[in-house]
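After the structure tokens below, expect a handful of questions from me.
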Amino acid sequence: MKRSIGLFLVVLLFSVFVLGSIAIAKDVVLKYWMWDPQLTDEVNKLIAKFESQNPGVKVELTAMAPKDYWTKIRIAASTKKLPDVFNMSSGYLEEWAQKGFLKDLTDYVNKDIDPEKYFINLFDAGKAISGTDKYYAVPFALVTTVLYFNKDMFDEAGLSYPNSNWTWDDFLKAAKALTKDKDGDGKIDQWGYYFYGRYANVEPWIYRNSGYLINRKKMRFEPNDNAMEAIKFLISLVKEHKVAPMPKLMSGMKAKDVFPRGLTAMWIDGSWNIRNNRKVIGNKFRWGIAEVPMGPHKADVEFGWPDFISMSKYTKHTDIAWKFIKFASGEGLSLDMYMAGKIPSYKPLALSEAFLEKGKQPAEKGLLIKMAAKEMKNSFTKGWGEWRGYGGAEKMGLNGALDSILNGESFDKVWPSAVKYINKVLARYYK
Amino acid sequence: MKKQLKWYKSYHPWLFLIPTLIGLFVFRLWPISYSFYISFTTWDIMTPPKWIGFQNYKELLSDPTFYKILTNTFLFSLIYVVGVMVVGLFLAVLVNAKLKGRDFFRTTFFTPVVTSAVAVGLVWSWILAPKFGILNNFLSSVFHINPPIWLEDTRWALLTVAFIRVWKMAGYYMIIYLAGLQEIPGTLYEAANIDGATPWQRFKNITLPLLTPTTFFVFTIAIIDSFRNFAIIYTMTRGGPENATNTIVYSVFLNAFQFYRMGYAGALSYVLLLIVGVITLINFLLKKYWVQYQY
Amino acid sequence: MINKIFIYMLLSLIAFVMIFPFLWMIINSFNSEENIFRVPPSIIPDRLFKKDMFENYRAVLKDYNFARYGLNSFIIAGSAALGQVFTCSLAGFAFARMNFRFKGIIFALLLMTMMVPIQVTIIPEFYLMMKLGWIDTFAPLIIPSFLVGTFGTFMYKEFFENIPSDLEDAATIDGVSALSMFTRVFFPLAKPQTVTLFIIAFMNNWNDLLRPVIYISSKNLMPITLALTQFQGEYDAQWGYLLTGAVLSIIPLLVVYIALQKYVVEGITHTGVKG
């Protein structure tokens, strides 16, 4: 009697276990990591839509502040416990692809991505950045760099607004007319232009003058003459023509607030600043965007880079993960997930009326779509943050060197040691 | 004559130390040993570490920037240690007096210690700003001098950041001194008063000598604490301008969490450990020359 | 009389210098987002005494669940601080009043381990926690602090060394056990030290951001410091919520401090032993 009861219990437990596993096995769980906690609500909505279209699939979202994201995900990579799907940046794509943590998505892309619906040039930009001939990441957004200008200040000075045909001379002339000492105290209150050594401030000038910083064959920092021409032009704006302040004068204020606070008539930085501009400027003045002026050696390219989503090489659910990636970079998205100034890579969103946000500043938002179709240049390499001077290292590297020149040091004193430093870093990654 | 073990057996100390020993070996020495090993490798966290022997140390010692960083580190520590000890003691003595409202003041002096580094960095950046900052506006309008741009001037940046950290942490050392001040019997002060001693004499002849154990403790802790300046540098100057505020710990942070060179970061850390260890050892060796226990 | 006025003026000046960033945070917790970084800064927040005056607080506490995160922080920091008091008092006492082999070496190791920057030890520590299965729990945030503390041990050691041996001898004559020597004779004398250590350990654990970032993923386990990072976006931050959350994060620390520091008063340490 006892034995049969025992046997019965064992069978019961076993069947519960088996049935339970089947039930659990039915629910596929995808882990998705992203770096913008501000978008958590919108992404959860996207996930809910995806889950309702794909019963039996659950997506677990983890959103982290950008600063923490990379450290945490690298630790995850080291323990092989990567999330199935995660955001990938242009700056790190090369490293992650070449170290073998990303799944090769080439077949999926060739099969599933409709070139009519996506900006394919962004997929190819990712391929180029990875330094391989495969697609390792799917773009979902693009950012580029624009010239922000204060329309009220231009009107006051009787100048016509910047346009895509502007030359450096046009720019300089306008900047001079816009630099004013308004209250007669001997100090300039309104600058024609504001910038510092930051990548988003400096590099558009270089690329639009057919310049480059990195010799891609040798992977060394060897700016060509056009690049140096652009850099010297920028330096002259501060030192010679005095239409832009020394960066240290604006210390204590966040760089992205200088233009919206009305301290400068023109500013060049990433298109993502549109949101902050709207927030800070409100209705205080009218402003617009234009393309960065091309130099004497014209090149109609843009300084921009996509943000991507990638798949882990170790994921067990490749097909469903791909489905999610496609959804999260295309039809699952809505415009409210694009902070103003980020451009969707999914054409139905990018080319929609809603994207233009007519009625809000800048009136020229459609310009971003024109720019998105052009060739994107950038200087990302492995170790980019270290040699360029980014994040915690922004006072060092090329950024720090340019800043010290702009703040008064002599070019000939600072530049050679900066080049040495940059190439020392690059030599570490590219033998 | 050797003192007999009267009230404890030879196993008692070990009993009392069980938690500490477990914690020390498992949670301190293991990670430290591992990271020491890593300092002889190159490791990007993602892929397995690759042994490279002394290369990290060689790179460190042949990098001219390292010597600048080292100098900054010492300078920062010097200003910090002197600053917090003097200000901390000053504040402690102030709030030790039997004044009405001293609880309120004790609390306000402690507030910067708990205020987040982000807020501290923001507010101080404002105050020190060249264009709209109140300090420079005040100095130029009242004293008619042209003040430097504190945080962007290679001559002043380090001093400024160290000063701000002293401001932030003085309250921390204040409460340690406060605890120590309670050990001084009030009867001694009463006796001194009867003898007609001035406040300064009381301080010099009673407070300071009897406070030496606490002062030793504060000094030792302050030295070790002075090197942990990552947060304040990150929020204020990020190591700039031109490495003027770059210290060893800030470099460790950059190499560990921005450049992902854990091996090099490890090498930096162990050079730091060597330096701080030697200083602390000297400190302990000299202890008997100036620290007086009451009994 | 003039002395008193002077002292109060000095105290008030210092108090203002110490407290103004905190005041700035409080003021801005009553500001709308646009007004926070207005140049020149406005001293009167634009939401003061208006209908939506407490909007930031309401949002942070309710919508963003900060009450829960505050509770998490409290449990973590409280446990860690209690553990510190327990462990460090025992260890400090042993170092101060007992002799044993390797005493010097162990103490030196304790000090030494405090000198290594956490950025290089956190990842090996993480691997250890992974082996123990403690990832995404409170354990890695509490247990290391619970078991060992250089600062606390050192502080108790210095204090206990400073106590007359007559006290110890008198107790020995009474036939007290080793444990009672600690719990009934020495430890009660260390009230100011205990309170100070509790405050400092509580504060350090409460403000720790690195460990929660590395170890915690589940939203409902986040302490306040980690929860605040949710207000940092890719290119911008929600300063109103950030500052309000930070204010909410500081208040419990001040409350703990105020409640405990009244015990930091002159102790009854010298009960007639000097004769």
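Per-chain numbering from 1; labels A, B and C assigned in written order.
By definition in this document, a residue touches a chain if its C-beta (ideal position, glycine included) is under 8 Å from a C-beta of that chain, and two chains touch if they have at least 3 such contacts.
The shown structure was predicted, so the numbers you read here are calculated from the model rather than taken from an experiment.
**Student:** Going by the contact definition above, tell me which chain pair has the most C-beta pairs touching.
**Tutor:** B-C
**Student:** Measuring centre to centre with C-alpha atoms, which chain is farthest from subunit B?
**Tutor:** Result for the farthest chain: A.
**Student:** With chain centres taken as the means of their Cα atoms, state the distance from subunit A to subunit C in Å.
**Tutor:** Each chain's C-alpha centroid was found; their separation is 38 Å.
**Student:** What whole-number Å value describes the gap between the mean CA coordinates of subunit B and subunit C?
**Tutor:** For subunit B versus subunit C, the centre distance works out to 16 Å.
**Student:** Residues touching two or more other chains, restricted to subunit C: which are they?
**Tutor:** 39, 123, 127
**Student:** Two or more other chains in contact with one residue: find those residues in subunit B.
**Tutor:** 45, 126, 132, 253, 257
**Student:** Which parts of subunit A, given as residue numbers and ranges, touch two or more other chains?
**Tutor:** 71, 75, 253
**Student:** Which residues of subunit B touch subunit C in the complex?
**Tutor:** 5-10, 12-17, 19-24, 26-32, 34-35, 38-39, 45, 91, 94-95, 97, 99, 103-116, 118-120, 122-124, 126, 132, 167, 171-172, 175-176, 178-179, 182-187, 213-214, 216-217, 220-221, 224, 227-228, 230, 249, 252-253, 256-257, 262, 265-266, 269-270, 272-273, 276-277, 280, 293-295
**Student:** Within the complex, which stretch of subunit C touches subunit A?
**Tutor:** On the subunit C side, the touching residues are 33-34, 37, 39, 123, 126-127, 130, 213-214, 217, 229-236, 238.
**Student:** In the complex formed with subunit B, which residues of subunit A make contact?
**Tutor:** 71, 74-75, 77-78, 95-96, 99, 101, 247-253, 383, 385-386, 391-396, 400, 403-404, 407
**Student:** So in the complex, the part of subunit B that touches subunit A is made up of which residues?
**Tutor:** 44-47, 125-126, 128-133, 149, 151-153, 234, 237-243, 246, 253-254, 257-260
**Student:** Quick check: in the complex, which residue numbers of subunit C touch subunit B?
**Tutor:** The contact residues of subunit C facing subunit B are 7-8, 10-11, 14-15, 17-22, 24-25, 39-41, 83, 86-88, 90-91, 93-94, 98-100, 103, 106, 109-117, 119-125, 127-128, 143-144, 146-149, 151, 153-155, 158-159, 161-166, 168, 171-172, 176-178, 181-182, 192-193, 195-196, 199-200, 203, 207, 242-243, 246, 249-250, 253-254, 257-258, 261-262, 264-267, 269-270.
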